[in-house]
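Common to both upcoming complexes is chain A, partnered first by chain B, then by chain C.
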Partner chain A sequence: MKTTMKRKGLIFYLRIYGKILAQDLKSKMSYRADFIISTIGMIFTNIAGFVSFWILFRNFSSINGWGYYEMLFLYGFSLVSLTPVQCFFDNNWSLRQYVYSGDFIKYCFRPINLFFYFQSEVFDIKGLGQLAFGIGTIAYSWANMDLPFDALMLLKLIVFMLTASLIMISLQNAAAATCFWIQNSFYVLDLVFRFKDYAKYPVTIFSPVFRFIFTFVFPIAFIAYYPSLVILRPDEVPILSWLSPVIGVIFFFISYKIWMYGATKYSGTGS
Partner chain B sequence: MPEIIEIKNITKEFKVLNRREGLKGSLKDLFSRDYKIVRAVDNVSLSIGQGEIVGYLGPNGAGKSTTIKMMTGVLEPTSGEILVDGNIPYRNRTKNAQNIGVVFGQRSQLWWALPLVESFKILKDIYRIPDENYNGMIELYRSLVDIDPLLHKPVRQMSLGQRTLSDILAAFLHDPKIVFLDEPTIGLDVSMKAKIRTLIHALNKEKKTTVILTTHDMGDVDALCHRIIIIDKGKMLYDNDIEHLKGFFGSYRTLKIRVGEDPEKQAEKIRAELPEFSVSADDEWISVLVDEEKAKVIDVLGQLQKTHNIRDMQLEEISTEEVIKKIYEEGVQ
Partner chain C sequence: MNLRKYLTLTRAGIIESLQFRLSFLVMVIGNILYLIVVYFLWKAIYDSAETDIVNGMTFTDTLIYIVLASALFSFMEMYIVWEIGRSIQSGKIVLDLLKPMDYRRYLFWSYSGTFVSQFFLTFMPTFIAVSIATGGAIPLGMNLLYFAVSVVMSVSINYSIDFFTGTICLYTESIWGINIMKQVIVLLLSGATIPLAFFPEPLKTIMYYLPFQSIYNAPLSLLLDGNPEPQKVLITLGTQLLWCIVMLVISRVFWKISLRQITVNGG
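Then we have the complex of A and B:
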């Protein structure tokens, strides 16, 4: 053998990701007008989201017992936890085009993990603005609610944010992977993406049917609501909140397996 | 010559839904279980030695791509065995991928936004190419083609020819044992085609890389391949060297004559006079494909001379292109 096969561990993949990312950013920056316009667009998108939230609370002082700052926290939490899916997994949106045109096959010839290779190709820098807005919102509402701040709270916050991210990533992976079986999977992906808009509300405001759906079918309640309870209302945390990190990991694993199964079933169009 | 690819009786079948016409038909299709089995590759066996350049030919839809996908581990055969450098490709796709390089026609596998040299560096990490091998390879490339203007150009800004060249260089970069080239010269101009053929030839010589080449351009075959394999409708039609192939049709020769004005009209007349041979015409020449088992070329010429004023003539052996065309149309008897 020309090169001895060593196990390709985390370091190996991180190194490759870092290299692709650095080059990608460099080439994006070189298109200055493009870069500036998309940055401005991103800022306005976030401001618009924030304004609609603010108008809502001009009219209602609380929603189902959730006050302004609590809701603001939920909103910020959902922004932050949606950042990884936006930054690292944006190529999922293009998956169906690759599959439809047969170009997906080019990902199958490299000696690395197919899922990683596909996702590594795109890093969406716009997500970073969302991250900044989210952190700002959380800090602002945190200060106004006089919540205690210590290492344990910070740890909880980070763990539950990662959990929430995993859930959203899993949903998107599974939705994107439907394109391996059906022709127009855009609607599936779009549906899931629209559902995420409900993530910033406490699940208790919905009817029991939707509460069930948002908890067990499209588990968007795990994106902000269940994890935030741990921080906001430590006295009334349901068991589901404590389980959410485990559920997040399981969901991610399942969605990864679905994605990979679809990819290996994929045969490509003739050429 | 040690064998690098061993294929024994592979068959690949696809399940295809029998589609009906019209909107009503489409609705019915939603619930249909009416499948038919399409056999894309039918009981093909072959073995390829280290360092060979093999032309893998066949008309569109013959099963070429399917075979290549099975050799690269993308598809699993329905039955039969494949060994690529001792590995079963679909069982261990990533391990197999380390040993092969692939170029798929116009589908670039390079990072679109990145300059070529950055793509190379990422590939160096992915394939874990040691520094000295990498540098050696770049030096070799430099001696074969003018790569310096390409290295710092983003792939997106390259012409099709430059991109194909870059893709080929990228496929050879990790010094794989086998490189699959699927229509590498498609859409390129004559000088770029020549450049790419020279490059492939040189890399094969230098690195003893096995090359499997699918193409519709017989220029590629004549320039590169000693051995060709022809497949049609999933079945293997021919597997031998080109000279041998010409032997099949050795009794054919092309007689070209020039007869003054309007060759198209003259050809029409000749067609009527010689119904047993195929006659074609271009701006200047009229070509008659003569089967020497039926009539001697000299007799045909004599006959034509009686009725036409022949100003000039040429005699050509049958070209690879014509042989392949005849095989596609009639098969090997």
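Then we have the complex of A and C:
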């Protein structure tokens, strides 16, 4: 059983994803009002985030040696790298309800990867608004900083963003997976979700102990700070920045293992 | 009004919320982490400023303001919009409406137990922690009494706004979107994210005319002022009382009108 599952290639999974995605979008479109209101809600969140940022910098010209446009870049970077978790992994929020009600068992009986099947079921379109907002913010701050722009820079930016996004995905996977052991994982998820808001600040504002914690234990510094240094401060890139893609992959792998381990321990509700 | 039946709901709520001890632990850890982040963030911000006092607020003022705003938030957030929205979607609302108690009151009192436990488990520890961490920077005098009175009215205004927002769900079948809009507006315009004093001028004046600042800014500015002028206290509390009544009436009337909209599939 296990070996046949392994043999199914990437193409197979992409095709399946496309099919499931189409179904999900169809069902979403039948609740058009909800879709429109949620999108407006997402835009509201981004505007409010930007407004509070702007008010802060009206009162203080820099934070810890970071100017307005640099901070804006970090902010935009964090928005973009938080998009994949919003778009592709939103079903994590429902995991605890499936586990609690027993409906989770339906995912266990498909001949495809359990984690993949579960996550593919929901695609959250709202995230695309955030993506657009983030790209706009980055472009605006980039244009105001006299940073050079060429193909290599763009490639770096994309690679580091993609790997940075893995960090938040991992944190959310692990947080959602706690529901296999504890009853109400909402608080854990909510905690992780709230902390992503602090990813947009440079980790240098913390004391060494907490710098360590936010780098290795609760790695929100990899969501925007470390990868951004490669673009923003190319002359003084610490080794951790170059390592951030690797760290992203490692954290993702660990979180995937935790999630799957929890899922295999799942014994259903008996009904 | 028979208080006993309401207090029964309160008691049930306390017992229910104490069931989830693990989630309580997670919440405490979350709050501690949050305090740390906020402390360092604002410290860095103030260190970068040329002066110690920005917009009439020192670093400790701002710290107390921000930290207690978030403690107030976790104490007042009752997920009412979700509760009403879900009841509408599942049809459970019909059963709630049949109860021999006004729905608005029923909802409030069944959550009041969470208030009590959250107050002692979240708000008080945060208050004490911040008071000690800032070396007793919170003045302890009559302002505590004003603060307490003010918070009671904050809870009322906040509940009215939540209930109003929840009522919108009768029309829209969207919970997440409606709730996030409300949350964003309330948190930003009440000064919970950034103290009201930091806002630029025309915006600040507008905010003073809106009900939101009565939720967070009013109690917190009363608390931070060790020597309040009686006139200022009266104006702040009076404004809050006015908003209490206005929002109560609006949310009640809106609910009455909207009830005609209810359609429940099957059941």
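Some notes on this structure:
The rule is short, and it goes like this: the second predicted complex is superposed on the first by the 264 of 271 C-alpha atoms of A that agree within 3 Å, B and C clash if a C-alpha of one lies under 4 Å from a C-alpha of the other, contacts with A are read in each partner's own complex, and residues count from 1 in each chain.
In the analysis below, contacts are C-beta pairs under 8 Å (C-beta built on N, C-alpha and C of every residue); 3 or more make two chains touch, one makes a residue touch a chain.
All figures in this text were calculated on a predicted structure; none of them were measured in a lab.
Between chain B and chain C, C contacts the larger number of chain A residues.
Of the two partner chains placed around the shared chain by superposition, chain B is the only one that A:E121 touches, whereas chain C remains out of contact. Residue contacts after overlaying the shared chain place A:L56 against chain C, while chain B stays out of touching range.
Of the two partner chains, chain B is the only one touched by A:I105; chain C is not. In the superposition on chain A, no contact is made by A:R233 with either chain B or chain C. Looking at the shared chain after the overlay, A:R15 reaches chain B, while chain C stays out of its contact range. Taken in their complex, chain B has these residues touching chain A: 14, 60-61, 65-66, 69, 72-75, 93-95, 97-102, 104-105, 107-109, 111, 113-114, 118, 121-122, 125-130, 154, 174-175, 177, 182-183.
Residues 2-3, 5-6, 12, 15-16, 19-20, 23-24, 27-28, 102-103, 105-106, 108-113, 121, 266-268, 270-271 of chain A are the ones that touch chain B when the two sit in their complex. Those residues of chain A that touch chain C in the complex are listed here as 31, 33-34, 37-42, 44-45, 48, 51-52, 55-56, 58-65, 182-184, 186-188, 190-191, 194-195, 198, 201, 205-207, 210, 218.
Interface residues of chain C, counted against chain A in their complex, comprise 20, 22-23, 26-27, 29-30, 33-34, 36-37, 40-41, 43-45, 47-49, 54-55, 172-174, 176-181, 184-185, 187-188, 193-194, 198-200.
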